[in-house]
Structure formats: C-alpha cells, structure tokens
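Next up: some structures, all given as structure tokens.
Paired with chain B in one complex and with chain C in the other, chain A is shared by the two complexes that follow.
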Partner chain A sequence: MSAPDLLARCLGYAPQLLDGAVTTLYLSLIAVVCGFFAGVFIHVLSASHNRLLAGFARTYVSVIRGTPMLAQLLVFYYVPTALGLPLPGVMSAAIGLSLNTAAYQSQILGAGFRSIPRGQIEAAQTFNLTRRQALWHIEIPQVVALTLPALVSEMIDVVKATAVVSVIAVTDLMRVGQQLASVSYRPLEVYTLAACYYLAITTLLSLAGRALERRIARRT
Partner chain B sequence: MSIRTIVLSLAGTFMLCVALPSHSQDKDLLERIKEKKEIVIATEARYAPFESVENGKIVGYDEDLMNYVLKALPGVKVTQLDLPFQGLLPGLDAKRFDLVVSAATVTKDRVNRFAFALPVADATTGVLLRANDHSIKSPSDLNGKVVGSQVGAATLLALIAYDKKLKEEGGPGVKEIKQYVGFDEAYADLAAGRLDAVAQSVPNLGPLLKARPGVFAVLPATIGPKTYFAWAGRKDADSASLVKLFSDGIARANHDGTMKQLQMKWFGMTMDVPSDSMPTPTM
Partner chain C sequence: MESLLSLAPRFGKAMLVTLALGLSSALLGALCGFVLNALRLRFTRWLSRPYRAYIWLVRGMPYLSQMVIVYFGLPVLGLTLSAVQATVVSLAFYSAAYFAEIFRAGWASIPPSQLDAARAFGIGRAAAFRTIELPQALVFSIPLLANQTILVIKESAVASIITVPELTMTASEVVSSTYTYIAPYAMLIVCYWLLTQFIALTARRVMKLIAPLEDA
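Up next, the complex of A and B:
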C-alpha cells in the first residue's frame, strides 16, 4: 500500500463523506436546540406542584434514559406509520433525537436551576415579573452559564448518537461510510476517515463551547 | 394549560391519526402510485454489484433493471431510500415503502410472508477464502473452521444447514459461525485472518475478487440448494397488481436479452434465471 494511492483514495471519498457530515451536523443541531427547549419544559413540569405533571416528567426521563436510542428511533419511525401518518425518516430522526436529548438536558438544566438562590425569584416577584418572565430573563441565562460545560458534552453525545439513524433510511455520515466501504472493499480506511470527520465536528463544537464560556466569564 | 386540555388535545391528535388512512382504500397500490406519480422503493445500497452508491447515486444491476421495468410507468417519480438489510422487509411490512428493490434471496419463510416478483439472479451460496490459505479445497474442509455471514441473509441459513449436514456425516462441523451486520465487515475479518471463510452468494464474489486482487479466492463448489434473488412486495390484494407489473417487466428483460446484457456489465458473467415462474424454494 503506497501513501500517494491512499491519499488519492481518501480524497475520492471526501465529497460523499462531506455530504453525510452535513446531514449529521444539521440533525444534531436541530436535536440540541429543540431538545433544549423541550428540556426546559420537562424541568418546569418536574418542578411543578402538580403531582401528576411531576410524575409524568420523571417517567419520561426514566423511559428515555433507560432505553437504547436505536429502539427509540424505530418507534418514532414505525409507530406513526401504523397510525396512518408516515413521517419521512429525517423527520422521525429529528424528533427522536430531540426527545432523547431533552431528557438528558432537563437533568443537566435541573442541577443549574437548583443552584439559583430562592431570593432572586422572590425579588422578581416583588418587581411584578410574571413566572415566565422570571424563567426566561433571570433563571435561564444563569442556568446556561452554569451548566455550559455539561451542555457541550451532551451536544457531543448527540453527534455520536446520530450514527445509528441509518436504520430509518437517513443517509448520515456513518451510512455514507458504510456505502463507501461496500464499493471500495476497504472498510478500515473508510471508517477511519469517517471517524476523523466525527472528531472534526465534535472538536469544533467543544471549541465553540469553550469560546462561549470565556465570553460569559468576562461579562460576569 | 390544564391537564384536561393536554389530555383532550392528545386524544384529538390520536383520533386524527387513526382517521387519516380510511379514505382512498378503494384504489389499489398501483393505481395510487399512478395517481400520485411517485413510487417509494427501498434498497440496501451496500451490496455491490447489485446495488451500491457511486457519487451519491444508487447504481448497480438491480438499479439498471429497475429503470428498465419502470419504463412501464412513465412520468412516475422514483423515491429511493437506502437502509440496512435488516430494516428492508420489516419496513415493507409496516408500509413504509411500496416495494423492495434489493437482492433478497427467496426462502420458504420469506415466500410465506411476502410476494416476490420473478427472480433477477442466481443466489446459490459460494465459499470465499483467503488466497494464501490452501487448507480448504472442498466444502467438507470447512469442518473445524470459523466461517462468517450476514445476519438475516439467506446465505447464513445455507451455512447453518451445511454445518448440520457436516455433523450428520460424522464430522465435527464448522467450529464457529460468526454473524455480521454487513458482508463488508466479514470480508475484512477474512482478510485479517479472524475468519477462515465467508459464505456469500456467487454473483457477489466476482467483483470482490476484481477489486482486491490477490487477497481472496473462491471455492469452485457451492454449498446448499439452488436459490434465487428477487424483489419483494407485500403479500396482499392491494400490492398484487404492482408486483405483477414488475414480474412482467423482468420477464420482458429476460426474453429480449436485456438481463444477460446487464449481467455481463455488472457480474462479468451470465446466469440462467427462470422467466416463467418462481421455483419453489427448498430452504
């Protein structure tokens, strides 16, 4: 195996892998953003005084955390069809990933919410802020700043979790790797290259997270 | 939002989902495809030379043959999904797609559950070896060897049946049968020495030998009964006319020489495939 040949082959794989990487990246971004808002919602439910809502939130988190991502994706792909609502694979994947990361993010955010002094909420009430205003303007900015490292780590987990979406007909980075391995009959180099793409994505995300952390640290 | 509103809206959504499919049931699948001008095909695009992806497009023997057959449906757009083999038949069952155009071996179990169009290629199981391994000269030399195949593939069934036969003949049988998610990983393990042989359909082996010269060799003899590759539809009255349209198209390709021409193009050899009816599978 000569090095120039290897390099030429890898350059040949690059455009297709890049296509797959774009799919992986946008699926992850949709999931992380939707999952954040859903995570806040789940946290609010679990902290509510209504025992039914709090119980629902707890059950949701334990069901999602206690079952494999693969099984969840298959449920979101096949169950709607059985009910007569065939969602495209990409949409099922986006929903499944969002609902999955929502459970984890709600736990991460929960720790942040608990560390905010009770007095701040009371002060907000004194200033006639509604519960919702206090949540979005006082609590969440602090919670995000506090839990940013854990959120970035969850984001990286989501990127890696997307590697199973090909079972529901989404051609992501991993699937492109499999397709290329099948044509070239050289799985080792194709999968190594695909792993490098994943590493590039996750490195960029963690660098962006660290930059954001530093920005927040300067402001406070 | 009160709990009652949440419960009511969820119940409403559910009812809507259940109510949706009730209309348009008087027309069968083929008529609906013509009306919608779209057919949804599922393929496992990592099974060269039958189907693989080149420059982002699915190509291969099945793809060319499918395009020939689809000339009978002018103006119908093809939406082709690529997913792992294990998801193809379950997804067809769950009505995620109209037809599976991927090399699926016709077996007893599958015939009971799915409606196959006429066969497109020979699928008899061959034995792939490492070129530098001279210890296996006939199928019976697989006694005591580690052999791999793909989960859910019919060649795995052929291998298991052959292992049983070896044991009935008084041999120790295959030492271990390893199951892979895809054949590519099995080939890689064979090249790396973790396997002694791979059980794979004969038409797939030619292009592999050509792509990795000097690494692999093929045993001249085959194992297991003669089997065929075919495309699958659902086994109900709704899908019957669509499956027949594909069978007719495949028979046409068989008679006018298109099939032989495509076989030369993709496999570098031709094979006889029955053009009148699907032989009853023995496995």
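Up next, the complex of A and C:
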C-alpha cells in the first residue's frame, strides 16, 4: 500500500463523502435554526407564571438532556409510524435534532436572558412596546450577542450529534462512510477519512464563531 | 401498562449493562484524563502541543465515528476487539479528552500564589500537587465530572449499533420481536432518564457532604 495509491483512493471517495457532508450540514443548519426558535419558546414557557407551563418546560428540558440523542431519534422515527403517520428518515432526523438542541439552547439563552437588566423591559413597557416586541427587538439581540460562544459550541455539538441519524437510513456523512467501507473493504481509511470531514466542519465552525465574536466585541 | 410491566425485567438487566458500560468507561476515561493533565502540568513544554492536538481531534469528531474506527478499522492493523471491549476503549479514549479538560479547569481554579506559598514553606512540587492542589481541584471538579459521566452514559447508546446488549439494543430487540413500538421506546426513555437523574442526584449528595468540610 503506497502513499500515492492511498491519496488516489481518498480522492475517489470525495464526491460521495461531500454529498454526505452536505446532508450533515443542512440537517445541522435546520436543527440549529428551528432549535433556536423552539428554545426561545421553551424559555418563555419556563419563565411564565403559569405553573403548568413552567413545569412542562422544565420536564421537557430534563428529559431531553437526560436521554441519548439516539434514543430520541428512534422515538421520532418509529413512534409516528406506529401511530399510522410514517415520516421519512430525513424528516424525523430534522424534527428530532431540532427538539433536542432546543432544550440545550433554551438553557443557554436562559442564562443570557437573566443577565438583561429588568429596567430595560420596564422602559420598553413605558414606550408602549408589547411584550413580544420587547422580546424580539430588545432582549433577543443582546442575548444572542452575550451567549454567542455557547451557541457556537452547541452548533458544533449538533453537527456531531447528527452522526447518529445514519441509523434511521439518512445518507449523511457517517452513512456514506458505512456504505463506502462495506463496498471497498477498507474500513480503516474510509472511517478515518469520514472523521476528518467532521473535524474539518467543526474546526471551520469554531474558527468562524471566534471571528464573529471578535467582530461583535469590537462593535460594543 | 401491563406490557410495560412485563418488559421491566429485561430493561432492568439492560439498564445495569448500560450503567456498568458507562461507569467503567467513565472511570477509565477519568483516570486517563487525570494522568494526561498531570503529565501536561509536569512537562508543559513538550506536551502542551500534543495535548492540544489530542483535544482538538477527539472533540472535533462525533463519538460514533471514533467508535467505528476502533471496532471496524483497527482489525485492519491486526487489533480485533469484541464489541464491548471496543466500546469501553473508544468511550474511554473519547471521554479522556473531556475529563482532561475538566481537570485542567480544576487546576486553573487554584490561585498560583498558593504554590508560591508552598515553595516558601519548603513543600516540594510533588507534595504540593498531592496535598494542596489535588483536594481543591477535585472538589471544584465534582459537578463537572458527574456531568461528563452522564454524557458518557448517553454516548454509550451508540454501542447498540455494534450490537452491545445495552438499553438501546434491548429496546430495538423488543420492538422487532413484538412489533410494538410505543411501550419499548417509552421504557427506553424512562430508563435512561432514571439513570442520568441517579448520577446527578448522587453528585448533589456528594457536594452536600463535602460542603461543611470545605468551610472548616
């Protein structure tokens, strides 16, 4: 096994692995964006004065954070089927990942919300802003800027968590790696290569996150 | 409800498998992480770059991809592990990076002036490590260690892919033999939740036990 051969094979795997990487990336993107809005919603619920709603939000976060992503994914894939509403794998994966990261993001955002002075909300009320306007125009922009490092690290965790969607037949990076490994009979190099693709994605994300933080830090 | 109860013995056994798998991997990972951090402190000059590279590699890849490299990839190099061995080895290798970072934070939480004071009293570096830094760093780390143990237990679900008979595998087996979905998967979620709550509760107990000692 010579080095040029290995390099040629790795280049040969590239088109399929890139396809898988695209699936991984768009699933992650959908999950992070939907999870953000769901996370805000869960935070609003948990901060509400209604005990039932607050209790529901707390239980939701506890169950999601206390159970593996894989188990949640199996629930979102097989339970709808059992109830007569079969979902395609990609759909279950997007829903499962979004609902999972929503719990984590609600915790991250919660810390940011708590750091905003009450006075700002009261000022918003004096200016006749509705509660919703104050949330989206005054609180959220500040909360996102404050919690950006944690949100970026959650985004990286989501990319890594997507690897388990290969189990429900979504052709993400991991699944493509499995397919290539079983065709080529070269599991070591294929799986190592797939891992390198993940490493490239997470490293780029973390570099981009750091650049964004610096820009925000300069502006404030 | 009846089907849930009839599933209880099987899930109870699987829960123990998951707990044993998670705890032994976490223990091994914590030991490796501890040694790694101690070596990094002792040989900062030579080891800080390789240490950072290891952390970057392990934390930049999903656990699943590391597990398949160990289970399916290493036999190519002549190292064949059973599914359980591959899980424990890969999970320890993976979590050691996170544990090492926890211990690093624990040691960073100690003011450097304490070491200066120790030196002034003629306490050697090794003795200072053992009697001054270690107890404080460990107390600082307990909540983080418990949290990481929970993460390890959750990652161990992935071992079902290589047919380790733990909780997730058991649920899938029950599903495919009974064609019921809701009861086994509900059971699966409840079992994992109980396990992780148990770890979190234990950590809180330990913290409470230690709190009065710290003030003294």
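We take it that the second predicted complex is superposed on the first by the 220 of 220 C-alpha atoms of A that agree within 3 Å, B and C clash if a C-alpha of one lies under 4 Å from a C-alpha of the other, contacts with A are read in each partner's own complex, and residues count from 1 in each chain.
Everything that follows uses one rule, which is that contacts are C-beta pairs under 8 Å (C-beta built on N, C-alpha and C of every residue); 3 or more make two chains touch, one makes a residue touch a chain.
If you're wondering where the values come from, they're calculated on a predicted model, not measured in any experiment.
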{"item": "Which of chain B and chain C A:188 touches, first, second, both or neither", "value": "both"}
{"item": "Chain B versus chain C as contact partner of A:204, first or second or both or neither", "value": "neither"}
{"item": "Contacts of A:50 with chain B and chain C, given as first, second, both or neither", "value": "first"}
{"item": "Chain B versus chain C as contact partner of A:78, first or second or both or neither", "value": "both"}
{"item": "First, second, both or neither for A:171, with chain B first and chain C second", "value": "first"}
{"item": "Partner chain(s) touched by A:33 [first = chain B, second = chain C, both, neither]", "value": "neither"}
{"item": "Touched partner set for A:217, first chain B, second chain C, both or neither", "value": "neither"}
{"item": "Touching partner for A:86 - first (chain B), second (chain C), both, neither", "value": "first"}
{"item": "Common interface residues of chain A - those touching chain B in one complex and chain C in the other", "value": "78, 81-83, 166-167, 178, 181, 186-188"}
{"item": "Interface residues, chain C side, partner chain A - complex", "value": "56-57, 59-66, 68-69, 72-77, 150, 154-158, 160-161, 167-168, 171-172, 175, 180-182, 185, 188-189, 192-193, 196-197, 200"}
{"item": "Chain A-touching residues of chain B, taken from the complex the two chains share", "value": "3, 14, 17-21, 42, 45-48, 52-56, 81-84, 86-87, 90-91, 94-96, 182, 184-185, 187-188, 208, 211-212"}
{"item": "Touching residues (chain side chain A, partner chain C) in the complex", "value": "62-63, 65-72, 74-75, 78-79, 81-83, 159-164, 166-167, 174, 177-178, 181, 186-188, 191-192, 194-195, 198-199, 202-203"}
{"item": "Chain A residues within the chain B interface of the complex", "value": "15-16, 19, 50, 52-53, 77-78, 80-86, 89, 166-169, 171, 175-176, 178-188"}
